[in-house]
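Chain nomenclature is as follows: A, B and C, assigned in order of appearance, with residue numbering initiated at 1 for each chain independently.
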Amino acid sequence: MSILEIENLTHIYSKKTPFEHIAIKDINLNIDKGEIVAIIGHTGSGKSTLIQHMNGLFKADRGTVYYNGSDIWENKKNIRNIRFKIGLCFQYPEYQLFEETVYKDIAFGPKNMGLSEDEIKKRVFTAAKYMEIPKEYLNMSPFDLSGGEKRRVAMAGILAVDPDILVLDEPTAGLDPKGRATLFSIITNYQKQTGKTVIFVSHSMEDVAKVAQRVVVIANGSIAMQGSVEEIFSKADELLEMGLSIPEITKVFIKLNENGHNFKLVYTVDDALNQLRSITEVRDNE
Amino acid sequence: MSFIEFKNVSFNYDESEKIILNNISASFEKGDFVAVLGHNGSGKSTFAKLINGLLIAKSGCVTVDGIDASDENTRIDLLQRVGMVFQNPDNQIVASIVEEDVAFGPENLGVQPEEIRKRVDKALKTVGMYEYRKKSPHNLSGGQKQRVAIAGILAMNPQCIIMDEATAMLDPKGREEVMSSVKELNEQLGITIIYITHFMEEATLAKRVIVLDDGGIKLDGTPKSVFSHYDTIKEVGLDVPQPYELMRKLGVNECVLNADECASILEGLIENNVDSGN
Amino acid sequence: MNDISFGQYYPSDSFLHSLDPRFKIIFTIALVVGMFVCNTVLSFAFAFLVILVLIFISKIPLLTYLKNLKPLIPIILLTVILNLIYVPGKNIILHFWIINITTEGLKTAAFVTLRIIGLVIITSFLTYTTTPTSITSAIESLLKWLKLFKVDIHIFAMMMTIALRFIPTLIDEINKIVNAQKARGADFDSGNIIRKVKAMVPVLIPLFISSFRRAYELANAMECRCYNGGEGRTKLKTMQITYKDFISLFFVIAIIAALILLNKLKILGV
């Protein structure tokens, strides 16, 4: 069964004013337990609006979000508990840090859950471990850390509520290549160790290709296509039409196919290498 | 003398704190398009801010067009020559209407209204934002906001524009818009561009790339020559463009940065293969 | 998503839109005074006739003006009731318990209501037909003489401009921080006042930090664009006084004079 099910979701901003604007329209989406799903789409496509429906920060004008089979808005008073089950980490989460110490900031979520001090401590330590935050940082002020470290502390604050589903809005925005790689390896390790469901929004197809199992493409407030990484990537031309960028390596193969070859479109260097293996092997033999 | 000159420049914020730039010397010519790379905290932004005097070197000196960047008396002359576009598009737009924001620079310089009007219209047309001149910047996309910011600099008739990670907060489409605007300024108007970024693909489009690390210039040269230092690039926490990564793994010892070139080399390999197969 | 940065500005190409903002501010003040001058049926009738004509000239739908009155309905009702009850008079038309409703009370209540409505619409003429930026520059220009007293009016104008520019940005930012903290289970709705104030801390601290960062970056950006205070600054849009402004000036003087005269004429004793 799907852990998260979105049915006919529609959201309209500034309804009944001249500024009325349909952000998302008739979205249907199923997320299975333990999946890593990437959501792509350019700015203004409605993807941020969509993910804020997943944990009930927005209430849709039409449509329903089901978590484990039940409507998240079934009981209005229960919505806070839903938010602990579906952890949402915003873009640039480091801008939401506010406590005096790293420990206290990570503990904010668990505290709001009303957990005991012991349990809170356990959660903070576990979350810090997943995010590879050194123990000695816990007593430091979060504002003394570097940008990348702040980001990890803020994300630990979400992990500490121990959500079933982790939703990340562009987790690597603004990081340098090394920072991006580190953060994605942290996320995939966390997923492997816990078996939890991870949904992330990204602009970078290279990252999507490396991390995701399934891809959902949003354009103009609707799902333009969804499927396995391979399925989506075979439609590179459609992605380009939607104003999304594709990795350089894919462009190489598009070019080759234009010249009469018949390669599969790939998005990572390793996949490219696999396809070209035959050539290299011959060369090695020589 | 070169257009921009760094002579033995060192910088740190505080005597007690670590040195951010250490004894840097470099020079850039008019019309150059220089990409500055380095991991977060490598001193890229500091490097940029020394050029237009937002920061003043602790030792050594920086000159632009013969003007000493640390000289208070020639401050306006320097700022008029060297414009800067910052990372966060929201924090550099002053007025609530696009054209009024673009006019801000020339207004400060005391340019006559008719001349300001001419410059504003021309600048907005150059970056392709003329139709948006009466709009509120708040409703523009990130890429559009950055183009308005570029127009605001252009209206001051600068000789050089520094892009201080100006594409870091944009989506791929916005990055492309900004990059193509900047390339056009460099090619058509001969404006010198100092382009600070951590997107490798953007750096490959520059004429020259410098890599900062540990307070010094680690690599300096054309994109090809810089990226061919594969191990050094990886060591300083950067990455090489995918086509080159593939070439290396295929055992081709040539620095290939763009997709077309990579495709034609692969083409050759495949033909070769077919030949030897026969 | 409302566009707050434009305030209430309603884009159009009407005669009112094309007037010099400085004149418009002066006209608004004059008409506001005129509204207070009115104290007879005749003068009110004339004032509203003028208002209707202006609404027509402004090319903005009547409904848009009336929208502005909606939030004022409770205040209007309250003043009507208070006036009805408390204004003393000889002519009692209704009497129950200890309350007397008099013709005088009825008249005052009606006049006060009309005055509030008139004032709202008159000020709307200014805000609907002038962008906040123009209003700011007009105020700067009108208060230039304060320089004689060493008051730096340019700084205030610049502050206004920046405030107008950043209000929508900050509103977006507050929404984002509130949602981010809600995602960590922050509760802004329940508990007593003290708890609610405490619950704001996780919003206020990030908001302050980011505002300081924005201020710092904006200051840098302004410096880079050669900002050096108001000295020697020119303007893209110079305010141009045209014949239209003088025609309007003539009409405004005539309207005020007419109102004063009409006040002296009494029909049916009111």
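Rule of thumb we're sticking to: a residue touches a chain if its C-beta (ideal position, glycine included) is under 8 Å from a C-beta of that chain, and two chains touch if they have at least 3 such contacts.
Computed from a predicted structure; not experimentally measured.
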Query raised in the report: Which groups of chains are still linked by touch once chain C is set aside?
Result: one piece
**Report entry** A-B against A-C, pair bridged by the larger set of C-beta contacts
**Finding:** A-B
Query - Chain separated most widely from chain A, comparing mean CA positions - result: C
Query - Inter-centroid spacing, chain C versus chain A (mean Cα positions, whole Å) - result: 45
Query - Inter-centroid spacing, chain B versus chain A (mean Cα positions, whole Å) - result: 30
Report summary line: Among all residues of chain C, those touching at least two other chains are 3
Query raised in the report: Using the touch rule from the top of the page, what residues of chain B touch 2 or more other chains?
Result: none
Query raised in the report: Tell me, which residues of chain A touch at least two other chains?
Result: none
Query - chain B-touching residues of chain A, taken from the complex the two chains share - result: 42-44, 146-148, 173-179, 203-204, 206, 243-245, 247-249, 251-253, 255-256, 259, 261, 269, 272-273, 276, 278-280, 282-283, 286
Report summary line: Per the touch rule above, chain C residues touching chain B in the complex are 3, 5-6, 131-133, 161-162, 164-165, 168-169, 213-214, 217-218, 220-228, 232-238
**Report entry** Touching residues on chain A, where the partner in the complex is chain C
**Finding:** 13-14, 17, 19, 21, 52, 55, 57, 80, 83-84, 87-90, 93, 95-98, 108-109, 112-113, 143, 157-158, 161
Query raised in the report: What residues on chain C touch chain A, complex-wise?
Result: 1-3, 176-177, 179-187, 201-202, 205-206, 209-210
Report task. In the complex, go through chain B and note every residue touching chain A. Result -> 39-41, 141-142, 168-169, 171-174, 176, 198, 200-201, 237-239, 241-243, 245-246, 249-251, 258-260, 262-263, 266-267, 269-270, 273, 276-277
